[in-house]
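The following pair of complexes shares a single chain, subunit A, combined with subunit B in the former and subunit C in the latter.
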Partner chain A sequence: MAAEVLIFNLLSAVAIVSAVAMITMRNPVHSAIALVLTFVNVAAIFIMLRAEFLAAVQIIVYTGAVLVLILFVLMLVNPDDLPEFHSGKPMQNVFGFGVGLILLAEISVAILTRTVVAEPGPWNEEGVAAAGGNIQVIGQLLYSGYVLPIQATALVLLAATIGALFLGRPDEDQEPSPKRRTVATISLAHTRGADDDLIPALRAANIKREAGDRDLIMARDADEFTTSAEEEEKKGQSE
Partner chain B sequence: MLESYAAIGMMISTAFFMGGSLLLLGWLIRPSKPSPAKEQPYESGVPDVRPPRGRYTSRFYIVALLFVIFDIEAIFLFPWAVAFDQLALYGYIQVLVFISLLLFGLLYEWKKGALEWA
Partner chain C sequence: MNELMPEQFMFLSAALFIIGMVGVLTRRNVLVIFMCVELMLASVNIAFVGFAWEFSQMTGQIFALFVIAIAAAEAVIGLGIIMALTRQRDTVDINEVRELRQ
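Up next is the complex of A and B:
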């Protein structure tokens, strides 16, 4: 029993430390890794509570699927583009602190008064073992007494499917234009200096058309053209 | 029952210890002298015009989200499959309703073309 308490303390300590690391890390990918560590430790705590199925679900859904989703979002958004990613407004800090305090008070009250601790059900360790295991019992309970929650879950998942499709649909208008991908830069600079006459001459020759759908940018220097693809696209529209 | 997890716990802690101690050892021993030249992506050649990390299409996001949703569906089917004998026809019909609700979502996204990469 003492070993169990020791292991529980170790697991919860690592879970709390990695949860704190997750919100304090500056690199979002490091945050995601710290979140994995938290999830794995919580799964181990679930195992200690004899909730093996929950532990497996925790690993499969949270560390597997949700983390994949978070990493995909990081890939898509590129957090460097978000200037206010880490610097929250002071209002947010105060508000977050207040919400955290309320949550802490709620949990403390629940633990101190023990109102959330229900009467132990018929499924103690012996009963579960006699029925053939954890998952067996969950299956029997879930599909005999919880018809409505199951079908409500199906509806929630259906709504999530349609919502994901709606939010993430590649907009026909905002399809990555071929222009963005096929920008080519021609530097007209050479060792003896830029040939200023060449640029209007080439512009007049209209080689744009010969290059197909490519957008040719003529610059005197390679460093002259260092704008991002989007900026340059805007420039092209304004011209 | 918990004793059967001791082997897994020992394996995980050993793996973490070995990996972590090697990383720590390397961090302690190796010299660290960063210089601007070492930060360059290429030793020679033209610097990148745009950031090397391009933007990904949002289709990846849709696929990942659909994976999460059908992952959860599979999680719900698993206890039903294990307790199939006890649940009999009643459980079978429930699962049919459950799957057909999600099948509607699958057909919807199929029709919307979310599964195509053209």
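Up next is the complex of A and C:
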């Protein structure tokens, strides 16, 4: 069928072009969107190769979960403009593309000169249809012969979840403040002398105003106008 | 060429893998390198599914399913490492990260 080959080549071309776009885009968000396009094309190729369940999993897991996660992390990290291909290390680029070309030549020789010969299995189009469909066949095989790998995969996913929680925990040096505080808010707009009545803590702490003609209160540190709850109580008792 | 040949998906798989590898070798942004690794994993899946299609087997599809599951776990851990890295060093430049110690 020529149409099948045509569609396959079209999907492959779009996948390869968007993959090239992914590694050449300067903006990482554009790279992520190009990667989404590649994955959608790969999912379509899976459908052509009679792997409908894997196509759905590809869309759900890769484009649905992983790429959304990547975009979230892209929004969280510092978006600094890295000198990629323009003023980076030219030797690194030459080396990378050279190794890529060498590997492409090697794989091309391997694909064109060797053929893989194997006994065809029972799961051709008719066999899969007789068993009820692609998902049914995968389910039957997966839960009969691959029970131990499934459990190992479940353990890997559990370990990944625990590892993500461990890696994403907050830093230890950001401890919560040990005592509750009452904070006096200082307005910078009122006239000189008015803040003495506004902020009782100012008189209690006996703070001298800075010299000058500006109507500002200069604080030596951030907690200068802050009294703890115990001091507030003590002051109330003494009065 | 009227029939879909196995060489076609093998070349597609190889091309995507090599594009991902070149991206890993040339880019400097950690997140783009991470995306390239995901692309390499997906390209291997094409080869698995293609061989399963060629030989009317299901083993390739089942292995591709496992690869996708492991890739999801790898994505979670990799992005967690990137988050920890940017919190500690405030950069996503791979050339700035030279040491594993704190």
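As a convention for this text, the second predicted complex is superposed on the first by the 134 of 239 C-alpha atoms of A that agree within 3 Å, B and C clash if a C-alpha of one lies under 4 Å from a C-alpha of the other, contacts with A are read in each partner's own complex, and residues count from 1 in each chain.
Operating definition for what follows: a contact is a pair of C-beta atoms (placed from the backbone, for glycine too) under 8 Å apart; a residue touches a chain by one contact, two chains touch by 3 or more.
These numbers were taken from a predicted model, which means no experiment stands behind them.
Q: Tell me which partner A:Phe53 touches in the superposition: subunit B (first), subunit C (second), both or neither.
A: Both partners, subunit B and subunit C.
Q: Counting only touches as set out at the top, which of subunit B and subunit C does A:Phe97 meet: first, second, both, neither?
A: It touches subunit C, and subunit B stays clear.
Q: Once chain A of both complexes is superposed, is A:Gly64 in touch with subunit B (first), subunit C (second), both, or neither?
A: first
Q: Which partner does A:Phe8 contact after superposing on A: first (subunit B), second (subunit C), both, neither?
A: Only subunit C is touched by A:Phe8; subunit B is not.
Q: So in the superposed three-chain picture, is A:Ile111 touching just subunit B, just subunit C, both, or none of them (first/second/both/neither)?
A: Touch status of A:Ile111: second partner only.
Q: Which partner does A:Ile162 reach: the first (subunit B), the second (subunit C), both, or neither?
A: Once the two structures are laid over each other on A, A:Ile162 reaches subunit B alone.
Q: Return first, second, both or neither, reflecting whether A:Gly139 touches subunit B, subunit C, both chains, or no partner chain.
A: The first partner, subunit B, only.
Q: Is it subunit B or subunit C that touches the larger share of residues in subunit A?
A: If we count touched residues of subunit A for both partners, the winner is C.
Q: Following superposition on chain A, which residues of subunit A contact subunit B and also contact subunit C?
A: 4, 48, 50, 53, 57, 61, 65-66, 69, 73, 76, 78, 137-138, 142, 153, 157, 160-161, 164, 168
Q: Write out the stretch or stretches of subunit B touching subunit A in their complex.
A: 1-2, 5, 9, 46, 49-51, 53, 55-62, 64-69, 71-73, 75-76, 78-84, 86-87, 90-91, 94-95, 97-98, 101-102, 104-106, 108-109, 112, 114
Q: Sort out for me which residues of subunit A touch subunit C in the complex.
A: Residue list for subunit A touching subunit C: 1-2, 4-5, 8-9, 12, 15-16, 19-20, 22-23, 28, 31-32, 35, 38-39, 42, 45-46, 48-51, 53-54, 57-58, 61-62, 65-66, 69-70, 73-74, 76-78, 80, 82-85, 88-89, 92-93, 95-97, 99-100, 103-104, 107-108, 111-112, 116, 118-124, 127, 134, 137-138, 141-142, 146, 149, 153, 156-157, 159-161, 163-164, 166-168, 171.
Q: Help me check something: in the complex, which residues belonging to subunit A touch subunit B?
A: 4, 7, 44, 47-48, 50, 53, 57, 60-61, 64-66, 68-69, 72-73, 75-76, 78, 125, 133, 135-140, 142-144, 147, 150-151, 153-155, 157-158, 160-162, 164-165, 168-170, 176, 185, 222, 225-226, 228-229
Q: Please give the residue numbers of subunit C that touch subunit A in the complex, ascending.
A: Of all residues in subunit C, those touching subunit A are 1-4, 6-12, 14-16, 18-23, 25-29, 31-32, 34-36, 38-39, 42-43, 45-46, 49-59, 61-62, 64-66, 68-77, 79-84, 86-87, 90-93, 95.
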